[in-house]
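Everything on this sheet refers to the single structure shown next.
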Amino acid sequence: MESVGSIILYFIVALSMIVFSVMAVTTRKILRAATYLLFTLFGTAVVYFMLDYEFLGAVQIAVYAGGIVVLFVFAILLTSRPGDNTERLTSKSRMLGGVAAVITLIVACYSLVSRCALAFAQKPEMETPDMQQIGATLMGTGAGQYLLPFEAVSVLLLACIIGGVVVARKR
Amino acid sequence: MEMTIPVLILAIPLFMFLFLGLLGMKMSHKLAGTLGTLGMGTILVLSYYTAFQYFFSGAPEFINAAGERLQYLVFDQTWLQFTEKLVIKVGFFLDPISAMMLVVITTISFMVHLYSMGYMRDHHGVYEHGFQRFYAFLSLFSFSMLGLVVAPNIFQTYIFWELVGASSYLLIGFYYTKPSAVSASKKAFIVTRFADLGFLIGILVLSYYGGTFNFAELTSAPVEGLAGVSQVSLGTAEGIKAMFTNSAAPVFMGASVLTWALVLIFMGCMGKSAMMPLHIWLPDAMEGPTPVSALIHAATMVVAGVYLVARLFPLYLMETAALDIITVVGALTAFYAAMVACVQVDIKRVLAFSTISQIAFMMVSLGVARPEFHEGLGYMASMFHLFTHAMFKALLFLGAGALIHAIGSNDYTAMHGLRKYMPITHWTFLIGCLAIAGIIPFSGFFSKDEILSSCLGYSWVAYLWMSLVAGMTAFYMFRLYYLIFWWKEHETPEGHHAPHDQPWTMSLPLIFLAAVSCVAGFIPFGELVSWNGHPYDFMAHFDWSVAAVSLCVAVAAIVLATVMYRKENPLPSKMRNALPALWTWCYHRFYWDELYMFITHSIIFRSVCRPLAWFDRHIIDGTMDAFATVTNKVSEAIKPLQSGQIQMYVWYYLIGALALGVVTILCLL
Amino acid sequence: MEITAVYYLIPALIMFCCGVYGFITRKNMIAMLISLELMLNAVDINFVVFNRFLYPEQMEGMFFTLFAIAIAAAETALAIAIIINIFRAAKNIDVRSLNEMKF
Amino acid sequence: MFSNILIYFVIIPLLMLAGTGLCRGVRGIRAVAVTGSIALIALSVYLLVDYIGLRAAGDSAPMLYTDSWMWFEPLNIHLAVGVDGISIAMLLLSSIILFTGSFASWNIPQPKEFFLWLILLSTGVFGFFISIDLFTMFMFYEVALIPMYLLIGVWGSGRKNYSAMKLTLMLMGGSAFLMLGLIGIYYHSAPAGHELTWNLLEIAAYDAVPHGWQSFLFPMTFVGFGVLGAMFPFHTWSPDGHASAPTAVSMLHAGVLMKLGGYGCFRVAIYLMPWAAQELAWIFLILTGTSVVYGAFCACVKTDLKYINAYSSVSHCGLVLFAILMLNTTAMTGAIMQMLSHGLMTALFFALIGMIYGRTHTREITQMGGMMQILPYLSVCYVIAGFASLGLPGLSGFVAEMTIFVGSFQAGMADYLGGEGSLRLVFTIIACCSIVITAVYILRVVGKLLLGPVYDDHHRSLTDATWWERLSTATLIIAVAAIGCFPNFFSNLIKTTFTPEIFTVLGM
């Protein structure tokens, strides 16, 4: 049984996530969309905290909210001209997209609710993984440890930096 | 008999061909011609020696105790083995007719070699272009023809049959810059090739049932104790016939298979010997140099058909239906050719049709020959006529060549009254005409008389028919003779020398052949050649009543010709105007060429080849192209799906994923 | 009231569907990228939720999310670089105008 | 591995490839090509002599010099080699044609690239003829096909892109059938309990392909190889392809590559699936019998020299496949001889056409005439080639055709008298008719092109053959005449393969 506070918190977070993500895709101002995305990402971070993954929540805020959204904002500012940041969606395509999204939602929800008993699992007790443990797992080479993907991601990031520079470089 | 001389007889001309063909252009004209003639002279000596040995040495492999002539296989060498039994061997087969043919071929060939030394150069003594090539081809022809007559098996005959065809093609087309010569050579080759198709199938049928290609095993029985010696035997031929009749399918389309085989082989003979309806190539073949016409298209190659029928004669005796066909074809051809010969203007054409007619005589003679009547007189008569005809027809052709050489034209309209200018030619030509007309004592009289006798033994219709043709022969030959040498005084065109007799190289062959034509009739041919090797007295079968009648007919025809053509007079044109349709048809050779033109051009070319080629390009190839076109079209059609619009891709993906999800859910329900 | 896994999964699902909607309707490439981030984020939540609710003693889901975040960052950076480049070349970032290389 | 003589048939071309790659300048490349092909001729002659010696010593194995090296274990694929008389004849043919082809492309532009591809192609050809492993055989087959696309597409003339594409696609289509057939054979190659194998000899010895599968796999392999053998109605790549190809490629293609088809039909389709060969022969007899006269008729109306020759190839190669299907020793011997003969004379034809085209820049016979006066050497060679093609005794065409006709007629009569229908007989006679039609189109060309008056006075200034052209044509003519004059040597060489103790599958 959860505490009432956490239930209330849950609802606030869930509702804000849903609302902001809907707004992020429906708003016509692109900068606003980025802002709503930021809020959604914050909500996600909160979810991580609620599920006792504090490190993950911190990463989410630092990388997503702090890095990626800033990147978006820069990009928007670089590529938008005044008055150009509105786009008109035809009602037809909007409707089609909406229908597709809704059908997806229905299908997924239906299968989740009616077919997936695991979805109703109780939250078991868990110790919050401490930093030492996370660090060891990330740096270890044994079973269930992640040095190789870690290094792969580092290479990817390096490649991405170089690639970004090369692609965006002015010729 | 040792092998050296027969091998040399075949090897020397082949060597001369290769030698002159490869190196001829490097040597002078005169040297090439002399070498060729000397080579041919050597073969002449060797062949005479061989024939003499065969006929007169009395060796046990040539003649048996009963005085019957035998067949002797001098050597043979496997050339190509098809199956255990069917083997093509190259060999040398001596029997009366091949020995006789050796003499004929080498004599005429040598005369032609000699004659060409004079003929193939103009009045200033300049040799014609390709003179060496001419001698090379003559050597090739001599090689092929000798190989043909000495063949011990039918496949060797076929091989050399094709080779003489090819050398004939090369020689007819000798003046290859002349389109008419080119098309004549092409026509000759293709028409004979068509006939050879029948020959080939005939060989296949015969060898399948008979199980052998060898003449010795088809028509003769081996003689005990002497290797390679055999004797003509009806028993063997009956054995072959039994193989046909005992097989699972002895009859095909109403005739026995043996008849089919023999008729198909005869089809090859019809092509080579220019029997109707495959005769159309021979008149055109006169486009070749005249010595070639004398050698190939009068004396030797064109009688190969007769020779082959004679070679297989015991088998033909087994199926008299095939012999009847030969008789009918021969009789019709003889008459037809004689009719046409009566109106032609080109002297070589006249001689060509006369050749067709005379070969048809030989064919008829073979067709009517039966052992029951005068011990197969027809066979002997045919061979005898082949021999005499070769001599006098070569004489006539060489004489015509001399005229053409002197005048520069083939038409008698440019000649007339030449008897004073060219006496040697005149007299030799006259002897030739008398011989072919059948005037005693020239050679043609004897051979023709025997043919008529054997026709009489077969049926009186055949006798009358052939006598009529004999009369026509005398008529058209003397028409030709008078138109060339009499008719009116010769008018030499402005700026030309008066025609005169030819150099000795040309006169010598004429005189020699004329002499032979005078005396050849007295050769006791029956002693030498008969269908089964059994000699018989020639005079015992001589029918004086037949001889008298034919002599009368010939004389009457000559008289008619004299009346009409000796002096310029309006009688010929009157006769022409009396029967204009007949004259036109004869003059145009009964439109056979036009008929063939129609068949080949309009039917085969336009209605078969062109539609097939169209079909190939448009239907077959079109189908293949259509595969490509359809593939292209389909890919063009589905190319927009790969629009590069990422959102469209997401749509496709989403729809697919949703459909999959829905289906899964529905299935689980 | 017990907050079970489905309570987290449903909002994530809605977020995902919003991402889908945005991705297939928006023409602005940056907006599409934002939608993409939404979808990625929704998936991340799922990983974490399943890890937390079903296998609390393991950390695979968490680490997967961690790496996903890192890769998302890289991807976004590169995508934005490309978008800027496209903008330089085409003077707009409408996704519909980007099919010229296709044919 | 290097102790086996056969492997050198692949190694020498590979060395030639390396040599050509390293060479600079056209002289070096010519030297490499000529030296290499002389080495190959020498090798095949040595092999021929040695082979005859072994056979004379009584070695009656189906294939000699057999050897096998594994190169892909999981599927049991070997580099297995071995030859019999037929393969040796084909090797000799290929090396002669490569030799003459090198001379025929003496002055080709971009010689380095051209010879690289040409030699790669011949590597495939040689490899194909020495392999007895189906997979390796197929691999070499593809190696021989692919360079053709570039050789025609780059060095060709006329509609070369179209032709190259068409040729490659059609042959690849055939390969698709073939691959299917070969894999099918592999999976039924051995009876239960034995390891599956690609080895021809083992498959033939097991004779384990079930009849139901044979009737599916036989058409696959026969059509697959038949496409390359220009079988009606899959022959249309041949006229376009040959018309566009450069001289040496036409020579190699018509002379050797089309032989791969006939060889494969015999070696794979019939040798491994004799039951189906007997049951289904009638379908292919009709097709091949048709192509014999069909090709000849089409050749009668074409005016482009290469088209005429390509259709003539359709006719002659049709005869090869036709004879193979007769399933008797004589006809099959004839088929192989026809392959040799056609290879040599068609190479000669294409060489001459290339030489004439190189001078007059036209291949239309209506645009030329009287070449005999201008180019006597080439014209005489052309006449000889024509005579060989129309089957003049003393040249190769005659002996091959006669062997085929005699053999087919025997097979046909055996069928007819045995009450098994007269299909073989009828088609034999139809095929015989081709000798007349061949004469028609050959003499038509000879008459139009070589004889008669000179058509175009500009042609009068042309020069006759150079020494390399003379060498190349003379070699081919000598080879053609050698087969034509001494046929029994070749016939016996080939026939050993069909002797009962070796070729038992058909009960011949």
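Note that the chains take the letters A, B, C and D in the order they are written out, and that residue 1 is the start of every chain.
The rule we apply is simple: a contact is a pair of C-beta atoms (placed from the backbone, for glycine too) under 8 Å apart; a residue touches a chain by one contact, two chains touch by 3 or more.
Bear in mind that the values here come from a model prediction, so they are computed numbers and not experimental data.
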Any idea whether B-D or A-B has more C-beta pairs in contact? B-D
Would you identify the chain whose C-alpha centroid lies closest to the centroid of all protein C-alpha atoms displayed? D
Could you grab the centroid distance between subunit C and subunit D? Build each centroid from C-alpha atoms only and quote it in angstrom. 62
Inter-centroid spacing, subunit D versus subunit A (mean Cα positions, whole Å): 68
Take the average of all CA coordinates in subunit B, do the same for subunit D, and state the distance between these two points in whole angstrom. 37
Where subunit A and subunit B are represented by their mean Cα positions, the distance between them in whole Å: 102
For subunit C, which residues are shared contacts with two or more other chains? 20, 24-25
For subunit A, residues contacting two or more additional chains: 100, 104, 108
If we use the touch criterion from the header, which chain pairs count as touching? A-B, A-C, B-C, B-D
Residue numbers of subunit B touching subunit A in their complex, please. 651, 654-655, 658, 661-662, 665, 668
Interface with subunit A, subunit C side, in the complex: residues 1-11, 13-22, 24-28, 30-31, 33-35, 37-38, 41, 44-45, 48-50, 52-54, 56-60, 62-63, 65-67, 69-78, 80-85, 87-88, 92-93
Interface residues, subunit C side, partner subunit B - complex: 20, 23-25, 32, 95-96, 98-103
Listed in rising order, subunit B residues that touch subunit C in their complex are 639, 642-647, 650-651, 654
Within their complex, subunit D touches subunit B through residues 166, 169-170, 232-233, 235-237, 240, 294, 297-298, 300-302, 329-330, 370, 372-373, 387, 390-394, 398-399, 402-403, 405-407, 409-410, 413, 416-419, 429, 432-433, 435-436, 439-440, 443-444, 447, 450-453, 487-488, 491-492
